[in-house]
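Following this message is one structure expressed as structure tokens.
Chains: A, B, C and D, in written order; residue numbering restarts at 1 for each.
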Amino acid sequence: MKALAFLATLATGIVLLYGTRDFAAWGDAASPASRHVSPVYIQQAVKQTHVPNIVTAILGDYRGYDTMFETVVIYCAGLAVICVLRRQKT
Amino acid sequence: MKLLQERTRDRLAGEDLIVRTAVRLLVPFIQLFGLYVIVHGHYSPGGGFQGGVILGSSFILLALAFDLRTSLRFLSVRVNAVLSNVGVLIYTGVALLCALAGGLFLDYSALDRILPLGPVAWRSMGIFLVELGVGIAVMCIMASLFWDLGSGGEMDEGL
Amino acid sequence: MNTPNMHLYILAAPLLSAFAVNLLGRVSRAWIGPLILAALGFSTFGALLTLLRVLRDGAYRYTVGNWQAPYGIELVIDPLSALMLLLVSSVALLATCSALKSVQNELPGREHLFFTLYMILVAGLLGLVQTGDAFNLYVLLEITAITTYGLIAMGPDRAPLASFNYIIMGSIGACFYLLGVGYLYILTGTLNMADIAGILPGLNAPAAVATAFAFLMVGLWVKMALFPLHVWLPNAYSQAPTGAGVMIAPLMTKVTVYLMIRVMFSIFSPGYEFIQHAGVQSLIVWAASLAILCASSLALAQRDLRRMLTYILVAEVAYMVGGVWLANGTGMTGAILHIVNDAMMTLCLFLAAAAILYRTGSLEFDRLHGLYRRMPLTMAAFTVGALSMIGVPPTCGFFSKWYLILGAVRAGHWEFMTALLISSLINAVLFFRILELAYFQPVAGLQATTQQGSGEAPLPMLSPLLISAIALLALGFGCGPLIENVIRLALPPGFAP
Amino acid sequence: MDQLLSEIVAKYNYWIYVVLMMIGFYAMIGKRNLVKKLLGMNIFQTAIILFYVSIGGKRGAGIPIVDKHAVMLHGVDASRILNPLPHVLMLTAIVVSVSVTGVALAIMIRIHRKFGTLEEDEILEKIGQ
């Protein structure tokens, strides 16, 4: 069983590393990730939301829908722990 | 779980005085700093999640240095449950309010129709309200997670 | 009433009712039932309105927070997602009626905790079905996952271990999906599905795109329990409290199959090399055929009704994955129709299992003797569900299997067709064995009925069961118009029926 | 061979994160002890968080907190500020990781309370009886 797990891990690792062939080098300012959407965030965030911290602007407003579900995830974690551990008092 | 609690109880005899007084002095400032992190999410690194965890950790520190009952004295289980609901309801409530005020879901500038502050100012205010809701929810849930995991659900005498 | 925000009111209703139940449920139990049924009734009605609006005005895109597409999060409401919205909310409504009763019996005193997680799961599924953003899909996958972990772990003695194994496998699936999205983000710079689909053909990065596609697919296959990766599902769904099993079994795997279709055709266009690649197609269809045969034969070996149903569930997932990968219009129609039909069939059978468990306390085969005399209506509905699972014409199961087989023939995948036919025969054996036990076996002397006394299941558990059985027949008769004006529109471009 | 070497030097961060992920992945599926599986899951999720955050890096770029008035007056040069989007996504992934770990710990306490052990094969034996 352990050999099978090791083979699966090795295969996944090789496929992952094979995939990194086409990536831009680390820290390269011309990489696609730094050219397509994020420059607009950096330039427009302060003008459109008056919030100097661009990460909070994206978190709260541009991608606020994600953060709403994020709060629901942490809420579910607290609730699931209560459901699993607490014995009913009634 | 019981064996663990006996061992922690007899260890408390000697050197807890230093720890307890230090914690008694520290906790208010930790909570003040947590509030600062939530409120200053706009201007400095931080925001709802980070500030909420700092506030939650102040209650965890109380439970560690003293005992679970002291921590519960400051934030009881019932208040904790209600506050975590209030925190999440603030977020979804603001989101729904924007939709009901005629704009799109989560569009804070739509709130301008209710209280005219200017659409861009409302976006900044909307982010602040939302961060506040997240901070409250994360504070309560972090504390309740520790209490439950620490005491195995009995909420009697944690670690 | 058709405001542009309707599809988000559908989502907000269960979410807010979850928090309300948690707040008010502490005070008095009487609040929970009506509050939840009202929220889900509103959602079902809203979903119906949205579907009619989409069929009338065509698909539309909704930007949350009024930010244009690649900068804000975008929701896509097209015939397929509107159909899924209606399916999820109606199945949730029926499952909740039964769960309200069975949870009082199994988890006394903790209904408000159970139903808060329950309604957040419904809200998560409704969000999953309409999202058009790759990372938002991951967050919603996590919401549905964590609520399901909590619900399953509330079950009796062996449920926590089953839930723990589900956590490990679910986290592997979610992490693989996240890796796939990360690879796509590095290559394209955006997270919006339509935007990625626009940029991908122009890229000359075959290795990274292929890796991203592989990881997205394997991640979703683990989450939907495709055969070799299904080890966590039978324990998790059969140990769960019946109230949770009735809701999780019909919806979780079907919505994940829908997500696979959404990833395949909204992120990678139908023309993507790996979808058109004949070798990849036949590999996956062969795997699906093998999965159908193994899962069905494993179902034969079970002695407990609910465990048998979970193995059939695993086989059904392989039906749909194989149907999608036949890569022709008929197979695709069969797969989408099978998502709808299979959700209804699984709901009907799990509701019947819940009713039987409520009355007799056990689902072991040797406890089902002469059940027909004591629970005639439940067994009648169970028979309709069984016939539909086998694929007998008047019920809807036949039509989706028919399209799948027709698609297999047209695509020349004979092994998939034979797997479907053999699996139908195995289903026949499985269900006739139970019907024979329930109808023709005399009630053994020692068959002491439990304290609830003999007789039919309580009304709140029986009515959704009968409604779902009738829905199976209605879907069977109404399958022509359903395909004609909903599924035909939902087919991706280039897949003529 | 030197082509592979130059590539490793250019993108050594991805190689490190993939190795970390595979350590976590192996622990999740290879180990029998429940605590080790959970630790493997944490390693896997943390490695993915590092992977995402390293995407946003730009050589010589500052943190994405800008002076409000300066930007309102004459804008900002995007190449001088690192990409904020991966940081937002990873805030979400960290919260998910914490939540799942919390639920898994609670379930492990309950398993330990019922079966007295956290070794998977011992638990399966106890269930077998």
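As a convention for this text, contacts are C-beta pairs under 8 Å (C-beta built on N, C-alpha and C of every residue); 3 or more make two chains touch, one makes a residue touch a chain.
To keep track of the chains, here are their UniProt names: D = NADH-quinone oxidoreductase subunit J.
Quick caveat: nothing in here was measured; it's all calculated off a predicted structure.
**Q** Which chain lies the greatest distance away from chain C when centres are computed from Cα atoms alone?
**A** Taking each chain's C-alpha mean as its centre, the farthest from chain C is B.
**Q** Count the C-beta pairs in contact for B-D and for A-C, then report the pair with the higher count.
**A** Counting C-beta pairs in contact, A-C comes out ahead.
**Q** What whole-Å value do you get for the distance between chain A and chain C if each is reduced to the mean of its CA atoms?
**A** Computed value for the inter-centroid distance: 26 Å.
**Q** Between chain C and chain D, tell me the centre distance in angstrom, where each centre is the average of that chain's C-alpha atoms.
**A** 29
**Q** Hey, how far is the Cα centre of chain A from the one of chain D, in Å?
**A** Between these chains, centre-to-centre, one finds 9 Å.
**Q** By residue number and range, which residues of chain A touch two or more other chains?
**A** 16, 20-21, 23, 31, 33-34, 37-38, 41, 50, 52-53, 55, 59, 61, 63-67, 70, 72-78, 80-82, 84-85
**Q** Using the touch definition from the top, which residues of chain D touch two or more other chains?
**A** 21, 25, 29, 55, 65, 85-86, 89, 91-92, 95-96, 99-100, 102-103, 106-107, 109-110, in rising order.
**Q** Would you please write down the residue numbers of chain B that are in contact with two or more other chains?
**A** Residues 43-45, 49, 88, 92, 95, 105-106, 108, 145, 148-149, 152-153 of chain B each touch two or more of the other chains.
**Q** If every chain is a node and every touching pair an edge, decide which shape results: line, ring, star, complete or other.
**A** complete
**Q** What does chain A use to touch chain C in their complex?
**A** These residues of chain A touch chain C: 15-16, 18-24, 31-38, 40-41, 61-66, 69-70, 72-73, 75-77, 79-80, 82-84, 88-90.
**Q** Residue numbers of chain B touching chain C in their complex, please.
**A** 78, 81-82, 85, 88-89, 92, 95-96, 99, 103-110
**Q** Under the touch definition given earlier, write down the residues of chain C that touch chain D in their complex.
**A** 135, 139, 142, 145-146, 149-150, 153, 157-158, 160-161, 163-164, 167-168, 171-172, 174-175, 178-179, 182, 185-186, 191
**Q** Using the touch rule from the top, collect the residues of chain C that touch chain B in their complex.
**A** 4-5, 8-9, 12, 15-16, 19, 22-23, 26, 62-66
**Q** Help me check something: in the complex, which residues belonging to chain D touch chain A?
**A** 7, 10-15, 18-19, 21-22, 25-26, 29-30, 54-59, 61, 64-68, 71-72, 75-76, 78-79, 81, 83-89, 91-92, 95-96, 98-100, 102-103, 106-107, 109-110
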